[in-house]
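Chain naming follows the written order as A, B, C and D, and within any one chain the residues start at number 1.
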Amino acid sequence: MEINGVEIKETYAEGFGIKVTRILVTAATAKLAKIAATEATGYATSVIGCPAEAGIDCFVPSECTPDGRPGYAIMICHASKKALDHELMERIGMCVLTAPTAAAFNLLESEDELKTAFKLKYFGDGFEKDCCIDGRKVHSIPIMSGDFIVESTFGFKAGVAGGNFFILAKDQITGVKAAQMAVAAIRNIPGTITPFPGGMVASGSKVGSNKYSFLPASTNEKMCVTLKDQVDSDIREDAEGVFEIVIDGLDEESVKKAMKAGIVAACSVDGVLEISAGNFDGKLGAYILNLHDLF
Amino acid sequence: MEINGVEIKETYAEGFGIKVTRILVTAATAKLAKIAATEATGYATSVIGCPAEAGIDCFVPSECTPDGRPGYAIMICHASKKALDHELMERIGMCVLTAPTAAAFNLLESEDELKTAFKLKYFGDGFEKDCCIDGRKVHSIPIMSGDFIVESTFGFKAGVAGGNFFILAKDQITGVKAAQMAVAAIRNIPGTITPFPGGMVASGSKVGSNKYSFLPASTNEKMCVTLKDQVDSDIREDAEGVFEIVIDGLDEESVKKAMKAGIVAACSVDGVLEISAGNFDGKLGAYILNLHDLF
Amino acid sequence: MEINGVEIKETYAEGFGIKVTRILVTAATAKLAKIAATEATGYATSVIGCPAEAGIDCFVPSECTPDGRPGYAIMICHASKKALDHELMERIGMCVLTAPTAAAFNLLESEDELKTAFKLKYFGDGFEKDCCIDGRKVHSIPIMSGDFIVESTFGFKAGVAGGNFFILAKDQITGVKAAQMAVAAIRNIPGTITPFPGGMVASGSKVGSNKYSFLPASTNEKMCVTLKDQVDSDIREDAEGVFEIVIDGLDEESVKKAMKAGIVAACSVDGVLEISAGNFDGKLGAYILNLHDLF
Amino acid sequence: MEINGVEIKETYAEGFGIKVTRILVTAATAKLAKIAATEATGYATSVIGCPAEAGIDCFVPSECTPDGRPGYAIMICHASKKALDHELMERIGMCVLTAPTAAAFNLLESEDELKTAFKLKYFGDGFEKDCCIDGRKVHSIPIMSGDFIVESTFGFKAGVAGGNFFILAKDQITGVKAAQMAVAAIRNIPGTITPFPGGMVASGSKVGSNKYSFLPASTNEKMCVTLKDQVDSDIREDAEGVFEIVIDGLDEESVKKAMKAGIVAACSVDGVLEISAGNFDGKLGAYILNLHDLF
């Protein structure tokens, strides 16, 4: 199968279950909202080593927010409910409450809820108030620069992590450009994030290690462009730039839409040679996402 | 004392000891370097609830970097060496190694060192190499998109956290503008960061709580603009916008320079009424930073 | 006189009369509004060689705009009413009407008006309509992507051009940083623009030329850092970085406020040595703006 | 023909001859270079009403520039050599020479040259010098903040203007997103620009007017989404968002590559319905660019 002359391999991405939240961070201006959203979703590329997986989903214009101010939808994800609870508490409490003019609302209706703000409100030391904005139960917590508004609870649900595809390009700079196009396209799909820096992954891992028994994960040498001559490589001869796009989403459908949009966008870049995907022979993850089935 | 008609209160900021690192993140372009630096320093406003305090210090042009590529100096700080060691391992390993075209070098010569890359290099699963770039010992770790270059060790030293000043302005938007000016000025002082979102703090805390005994910290009601009529407020009658700038730095001198530059810049904004500072009566912190002594 | 240790010379800037307009460009998002505003105010540093002097004044949040969308106030200026009329016609017709989701409103109440949209509306080829938005008479012109809304007339008035000050710094990079601080501060003063690239001027001119009689203007060799040893220089020995900030404003008061804010902000930068100003011995311009009188 | 489910109409864009230049603007940092490049290419969407057509082509990393500093390639275009000569003189003289730390080099080898800097150098008033940088003949003109380096001549050649395609989407916001994706993709094709604001056109014109005989051009009512019910519309029933991408390029090949990349990228956006193109029945332009032939 080909898109714009680029080969789409007959393979699949293997996704995993993860618990996801979706939170709206608003502020007096879009720029201030982005500042809070960026701080709250930093240090969150992968739960392998970061305390969460998180990212900015999309811009939400003022006419679509409860407080009539511009905002950004962010997603914070973790496999463990307890860890997720902690992350929301600290990422909202330390990175949104402290941010100039920011507020936080729930964007995910769900029976499962985290009572983040139920605890956070005590920061008001008795001056906090329960209010209602746009039909939502919120807490108003007096802080130095005004009152911090935060929705009482945040829904969470079983989502999908690890949606992915590889971009194999003729050189590194072409690979970066194609990955940037893919990330820009995925930003248009609500309910998905690309948690790695700039939305792309420069490194690939395998489970365990061939040489160091103490390592839980190590570089996937078969996917390293500089090791093509030293190992039984999975990279075609003419590809010198390889990047992975990793996607977390609210559900399988969102992740598939994001993979589709990202792949088409990457294929718009001259010099992209092949789109592939990463899996563990279907043994580890609950979701099998066939590239060819996306189209 | 006055600057441009703004009253500088006769008071002081109280700073604390913290262990600081200073790391250079370079990449193929300044924009890609900033992406890696931003991810690596996210979720790091205060160690009260975040795993570290971190931020971007300044841009470093390509003619001043070991690999001749543009970069950003970042600082990652923690009171505990062990925690700092963990943070460098994960923030570099998960947020810089994974970022497109990024590399990491040490910017802090010190006898005390963290052997971050000595562990990180094993990710190469035997394909890693020791090299030398610009007189520095680095490790070259093959990853998907090329080789990740990381300096072998990162220096750390006793620095200063909690340098601060308050901006009292006639309204919230004026306060934000003044805080933005202050943060822009502090960006010009190497060796300092303003770790909060956008560099400013919208909330102020006091130790403990008057109402909830289980709380280690709660809102500082005396500094809340919306509680001026309900409590014995520390905010003058005509001030409706209050923001704090918090500064971490390599040493007392850097923090003082940053406070000075930030205060002067804040005073350029029409509608700023007063500059004050936060302290604990000198009982908790090791550093007494008098506002009047800065000038 | 000194601010933060920087000498403020006892001299003055000499300003000129110019006709100014102030236009609000709104769009679906702040980012889209900025795109239109930037295109409409480009190629407009000085009427010496550009068809106009223009720039972005400030951001206008959605709650302060006639159509409830975020926007930017821009200013377009020219000494000649006829030239100004032409510039508004083309800059709005070619750069705002063509921009995605953009609209244009008048921000300057004045008896003197340009009937820009009265002509522009004929572009609708009979499908244009007269409407009223927020009490303003506007034209609704059908274009490909929707209807372009433009206020019927734009006010203009006698304003002030050529407000200025020089920043003398120890080196070029310090000068750039100080100029950036000054420009950021001036952005907070409504009714003023800094029309040069990035808001600062890297070159200074004198009237006429010593060597080439055919030149109306040439480099001001007395203010060139690289000619200090060859001419009777006006630059102190220790200054190697010199930049000028040029300000156009709605009136003398706005320009003075902008000069004041810019000077204080520039003085926050360590390494700035002196603030001076440019004039023609008071012979050419109508406005004498003494630096010391600003404070 | 379909790409990702989007219909590509069997039609063609009609391009025109235009004279093009390609200029490299470098500066101390990529950000400063972009400031100069943006000012120099503003107010330049179409020669119908602007003094030129111009835009930023692409970023040029420091290792590929004559002075080892980062830069941006820009293109300035006009049908008339005389007008082009004037535009280069003023856009370089007023917007690059005046910009902090900027320099300008020729990026287009051609027998046809504009002697822009041959005239510009006289601004140095006798202090200018002829130098050689990286094998290029340049002039060094002393200005306030240092020396302005500008290449002696700038090549120009017969290029192609008016390459284009239409994006028909289900609603306006989807149309904007698709246009943004297209513009991002075209940025990857060296030698092309999208001169309209944000790279896209919100308005479409027809030659002349049905109602007003004095108009040279008026809205193309058949392509207006809000006139679908009033005229014999060319827009399908389900399309409510329509944007055009207009491309100028060094030659037909570049424009075709840009159209191709832009169309594929636009088709990655869910909700895009159809790609079409604008022409004048082949009667006016010299270039017939068939959409189907691109693939």
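Here are a few things to note about the model shown:
In this text, a contact is a pair of C-beta atoms (placed from the backbone, for glycine too) under 8 Å apart; a residue touches a chain by one contact, two chains touch by 3 or more.
The shown structure was predicted, so the numbers you read here are calculated from the model rather than taken from an experiment.
Of all residue numbers used where chain A meets chain D, over half belong to both copies. The two sides are thus made of the same residues. Across B-D and A-B, it is A-B that has more C-beta pairs touching.
Note: centroid distance chain B to chain D, computed from Cα atoms, is 41 Å. One finds 34 Å separating the Cα centroids of chain A and chain D.
Mean C-alpha position of chain A lies 25 Å from that of chain B. Shared interface positions of chain D, defined as residues touching 2 or more other chains, are 28. Chain contacts here are complete: no pair of chains fails to touch.
Listed in rising order, the residues of chain D touching chain C in the complex are 28, 32, 35-36, 38-46, 48-51, 89-91, 93-102, 122-127, 141-148, 172-173, 175-176, 179, 196-198, 200-205, 209-212, 215, 217-221, 223-227, 230, 241-244.
Interface residues of chain B, counted against chain D in their complex, comprise 28-31, 59, 61-63, 68, 70. Contacts from chain D toward chain A in the complex involve residues 3-4, 177, 180-181, 184-185, 188-189, 257, 260-262, 264-265, 267-270, 295.
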